[in-house]
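Both of the next two complexes hold chain A, though its partner changes from chain B to chain C.
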Partner chain A sequence: MSAFALRNISKSYGTNSILNDVSIEAEAGEFIALVGPSGCGKSTLLRIAAGLDHGDAGSIWMGDREITAEHPADRNVAMVFQSYALYPHLTAEQNIAVPLAMRNLSTLQRMPFLGRFMAGRSTTQAAIKQQVLATATSLKIDHLLDRKPGQMSGGQRQRVALARALVRQPGVFLMDEPLSNLDANLRVHTRAEIVDLHRRTGVPTIYVTHDQSEALSMADRVAVMMGGRVLQFAPPAEIYDNPRHIEVAKFVGSPRINIINATTSDDGAVFFGGKAVVNGVTGPVGTLVQLGIRPERIKLKPHGAKGIAATVSRLEFLGSEVLVTTEVDGVEDGLVVKAAPVDVVHLSAGAPVTLVIDKDACLVFGQDGLRVPLRAPAKVSVDA
Partner chain B sequence: MRNTALFSMRNLRLGILSAGALVFLAPYIWMISTAAKSREEIFSSSLTLLPQHWALWENLAKAFTRVPMGQLLLNGLIVCGLIFFFQVVIAIPCAYAMAKLKFRAAQTMMTLVMLGLLIPIHATALPIYVALNKAGMLNSYFALSAPFFISVFGIFLFLQFFRAMPDDLISAARLDGMSELAIVNRVIVPNAWPAVTAFAIFSVVAHWNDLFWPLIVITGTERATPPLGLLFFRAAEAGDDYGALMAATLIITLPLVAAFLLAQRRFIEGITLTGLKG
Partner chain C sequence: MREIAVSGPLPADQTTARQAAIRAARREERVAWQLAAPAIVLIIVLILLPTLAVFVFSLTNYELGYDDFQFVGLDNYIELFGDRTFLISLKNTAVYTAIVTPFSVFIGLGVALLIESETRGRAFFRTVYFLPVASLLVAMATVFQYLLHPTIGPVNAMLSMLGIAGPNWLGSSSTVLISLAIIGIWQSVGFNMVLFLAGLTAIPRELYAAAEVDGAKGSWERFRLVTWPMLGPTTLFVTTISVINAVKVFETVKTLTEGGPNKSSEVLLWTIYQEGFVYLRVGYASAMTVIFLAFLIVLMLVQYRVLDRRVHYT
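Now for the complex of A and B:
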């Protein structure tokens, strides 16, 4: 049984379907990333999980407790918003204390003036203050407690927002692109901090992002969403190496995967550049397929070597590696190759080269975008 | 280097603006001048701004003794306070609901608010007067203030302001366990001060200076607002003691002028409605 589960959630506005039978679950202590282009429904799904929005169908479970109809406050979920959504008129300390005050103090005790005379208020408030301080210290923001959000930097506000979510010890953490308002340096740093925080607290986390590298680097499992559907929900390595859909393959990985249009020949072989790059594609001969090849799975060889003839059209130096864009006959956009800098020192735009595609590097997708299964290579060799 | 040219663009602009300001201020300045003059001097043929004999204290004393000036000012304060209090208490939750909650009647309500903006008090004055008369509530603070408790202008103003507030803030408040009422009290109102200030200016200025409605529902001085009191004063004095009349006018305009000068910066902030930067 999973710690938090969204089951078969559907949602549409009028005839516009936003979510289509989406199921995601997080095991205890798991970090789940929801990734997809903007407008794919990931933020809506998160709002439904929080109870801020309601699906047309489906159910939400916290362990074995169904919370589909519960009020956001009763679900014991915590959310970190993209804009942080800190109360501008309260100090950091007051901001962090709000969820505790709302939960632990009665309405009368919270009254602006009368509250002071209500029994038990001061002990509860002392406890809240203690908890706020402990949370703030663990996030290293205890020196900011008496500042208002307007007097803090983006990174500091982000920590206060995290502290406000953390302080109530939620059953699940929901994060809606919490890093997208930070500058690039701080983002990478905070990424690691959030993962650390997650390891320490062990609270299952659902993290929404449009940045595939963020999703791959942080999450235990990644759900790739497109057009209101989950195309694949798997660990990062599985998503990268074994995408089930061409859109997943295209979305994940930077630089983008190379796509080549081709047709199958006898015995399910696909020829490219005069060489069979894949064998054992199932389906009839002459089927149109799309081959996906990651840029790091293509090798650059000197002109004249055995392989695919190509011409360098652009070199992009990225420090530890160089992206080489090449023009190849029969491929409209050309092929991008990721190469080590030492291999390209002698190259410049216009130079002829030879490309060699790694064995087993090709991912084969049908016209419907789904992966086409291959017959097991062992069987092929037996037949031959 | 300092720009010392006498006919620079800046000085030219300043000159035009000053001339414009003088045109608008002239009646008020003349009022102060008249308030300080004796009766003989007002009716003398020579036109002077500064009085030859200062009679300001005599005129002020007359204004205070011939009409219950203290009572008038207190009435004005009570009526403006009552109106403003109820307007805010009603308009803020209403505007919040229309700006941030989704409900079926939202569109209809918006239309009604727009319609309400188009209908002046003069159109509804008669039915309201008849109703108050039948209820026996003329000549009361209630009659003076109740027709203005629901301010569509206030709803409209707050609506525009609340729409600009981030939705995430309200979502966060809901997740933190606040009820809708708590959201209004703890999140919306504390962050809506610029809008409340702006609305306070419009509301208090309009109702402090209003003569039309008090004239309809009030017949005696004991519930009269300052402008109405002024009217009684003029009638009682048969209209030739302009010095005292201007002194009385000075007194009733003074609270607003003083309030403006004291809180000038906040007022302008409020009118320009500087948004929230959170």
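Now for the complex of A and C:
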């Protein structure tokens, strides 16, 4: 049984379908990333999970308890918002205490003046203060407790928002692009911190992002969403190496995967640059297919070597590697190759080179975008 | 700055650069004064000079129609505080303001919240509630005179159906101020509502979402946690405007009661009007005006000093 599950969720506004039969589940202690371009429905799905929005169909489960109809306050979910959504009139300490005060104090005890005279308030309040301090200390923001959000930096506000979500041991953590308002350096740093935090608390987490590198680096499993559907829900390595849909292949990985249009020949072979780069494509001869090749799976060889003739059109130096954009006959956008800096010192724009595609590097997609299965090669492979 | 930065280390070059920088700064200052001049002139001519003139008049015994006047120092002010009519009008204005301000602010807020939460007919209700603001109070006064008429008025007719003998709303000294206050509230609720609506739209939706997830289930709890504190700056502004408008009450008094009966609706502006335009005692009326202005300025300063720091968070 999964710790938190969204089952067959659909949602549309009028005729505009936002979510189409989406199912996501998180096992206990699992970190799930929902990734996709903006407008793919991932934030709507998260709002439905929190109870801030309601789907037209489907159910939401916390363990074996169905919470589809429950109010957000009763679901025991915690959410971190993109804008942090801290209460600007409260100090960090008061902000973090809100979820506890809302749960542990009665309405009367929370009254502005009357509350002070209600029985049991001071004991509860002391316990809340203790818990807030403990959470703040674990996030290293105990020195900021007296400050209001307006007096804090973006990163500090982000931690307060995390502390507010964390303070009451929720059943599931929902995070809506919590890093997108931070600058690039802080983002990479906070990424690691959130993963650490997740590991320490063990609370299942659903993390929405539009940044595929964030999703791949943080999550145990990644759900790639496009146009209101989950195209693939798998561990990061599987998503990257074995995408089930061409949109997944294109969305994941930077620089983007190279796409080549081709047709199948006899026996399911696909020829590119005078060489069969793939064998065993199922379907009739002459089928139009798209080949996807990751930039790091193409090797750069000196001009005249055996392979595909190409011309360098652009070099982008990235420090540990160099992106080489090449012009190749029959490929509209050219091919991008990821190379080591030492291999390209002699190269400049306009230089002729030879490209060699790694064995088994080609992912074959049909015209409908789905992966085309390959017939097992003649020699028995290990993973068959 | 850039000229200085790129010029070489030679001293001669630096002086040229320095001179250029000084010239540019002077030019900028000249342009700034030229651009600000029209506004400065208008402020002096239209606001500061008239205020100063009122203050100077208040130190004289000037009466409209007489050629001659003497400076009498603070005599006008000393007379003011022994003047029973002025003291009554001060008290009445304070009572009127104390009734109108809280009611018009909180009813305005309530109406704004109701309209904000309603999706249908929003524009309709907004327009209806704003009508009293746009209507002419002098013209509407005749309607109120009819409504509140002791014998033929619909208000008392309805009360008598319930077996209650309605008072002489505008004619009795015990109810006249309350009647005027009700008209004042009727007129200002719409204006406050529009200001609150603007304030409400500025509250980030995510705060409400956060409040819901944090456990604020009821609308009252969300109001306490998000709406009320976030409306702080708006409420401060609305309260200030409401106080100023209430202190300036005049039209209804002039058209409906003329300060009566027995001075029980005598308010500041009415007293100033009587002294200045009926008895033509410009010097004395000016002294009242100075007191009136001082009163407003002190009120605004207090409000901003006390409340401003508590309602602005960033």
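One rule holds in what follows: the second predicted complex is superposed on the first by the 377 of 384 C-alpha atoms of A that agree within 3 Å, B and C clash if a C-alpha of one lies under 4 Å from a C-alpha of the other, contacts with A are read in each partner's own complex, and residues count from 1 in each chain.
Methods note: a residue touches a chain if its C-beta (ideal position, glycine included) is under 8 Å from a C-beta of that chain, and two chains touch if they have at least 3 such contacts.
Note that the structure is predicted; figures quoted are calculated from it, not measured.
Visitor: Clash or fit: what happens to chain B and chain C when chain A is overlaid?
Guide: Clash - chain B and chain C, as placed by superposing on chain A, overlap.
Visitor: Check the residue A:253 against both partner chains and state whether it touches chain B (first), chain C (second), both, or neither.
Guide: A:253 contacts neither chain B nor chain C.
Visitor: In the superposed arrangement, which partner chain does A:292 touch: chain B (first), chain C (second), both, or neither?
Guide: Neither partner.
Visitor: A:52 in the overlay: touching chain B, chain C, both, or neither? Say first, second, both or neither.
Guide: Both partners, chain B and chain C.
Visitor: Looking at A:243, would you say it contacts chain B, chain C, both, or neither? Reply first, second, both or neither.
Guide: Neither chain B nor chain C is touched by A:243.
Visitor: Tell me which partner A:149 touches in the superposition: chain B (first), chain C (second), both or neither.
Guide: A:149 sits against chain B and chain C alike.
Visitor: Thinking of the overlay built on chain A, is A:87 touched by chain B (first), by chain C (second), by both, or by neither?
Guide: It touches chain B and chain C both.
Visitor: Taking the superposition as given, does A:280 touch the first partner, chain B, the second, chain C, both, or neither?
Guide: neither
Visitor: Could you give the residue numbers on chain A that contact chain B in one complex and chain C in the other?
Guide: Correct list for chain A: 47, 50-52, 72-73, 77-79, 81-83, 85-89, 98-99, 102-103, 149-150, 164.
Visitor: Of all residues in chain C, which touch chain A in the complex?
Guide: Residue list for chain C touching chain A: 204, 206-207, 209-217, 221, 224-226, 229-230, 232, 313-314.
Visitor: Flag every residue of chain A that touches chain B in the complex, lowest number first.
Guide: 47, 50-52, 72-73, 77-79, 81-89, 98-99, 102-103, 149-150, 164
Visitor: Over in the complex, which chain B residues touch chain A? Could you list them?
Guide: 166, 168-169, 171-178, 182, 186-187, 190-191, 276-278
Visitor: In the complex, go through chain A and note every residue touching chain C.
Guide: Those in contact with chain C are residues 47, 50-52, 71-74, 77-79, 81-83, 85-89, 98-99, 102-103, 107, 110, 148-150, 164.
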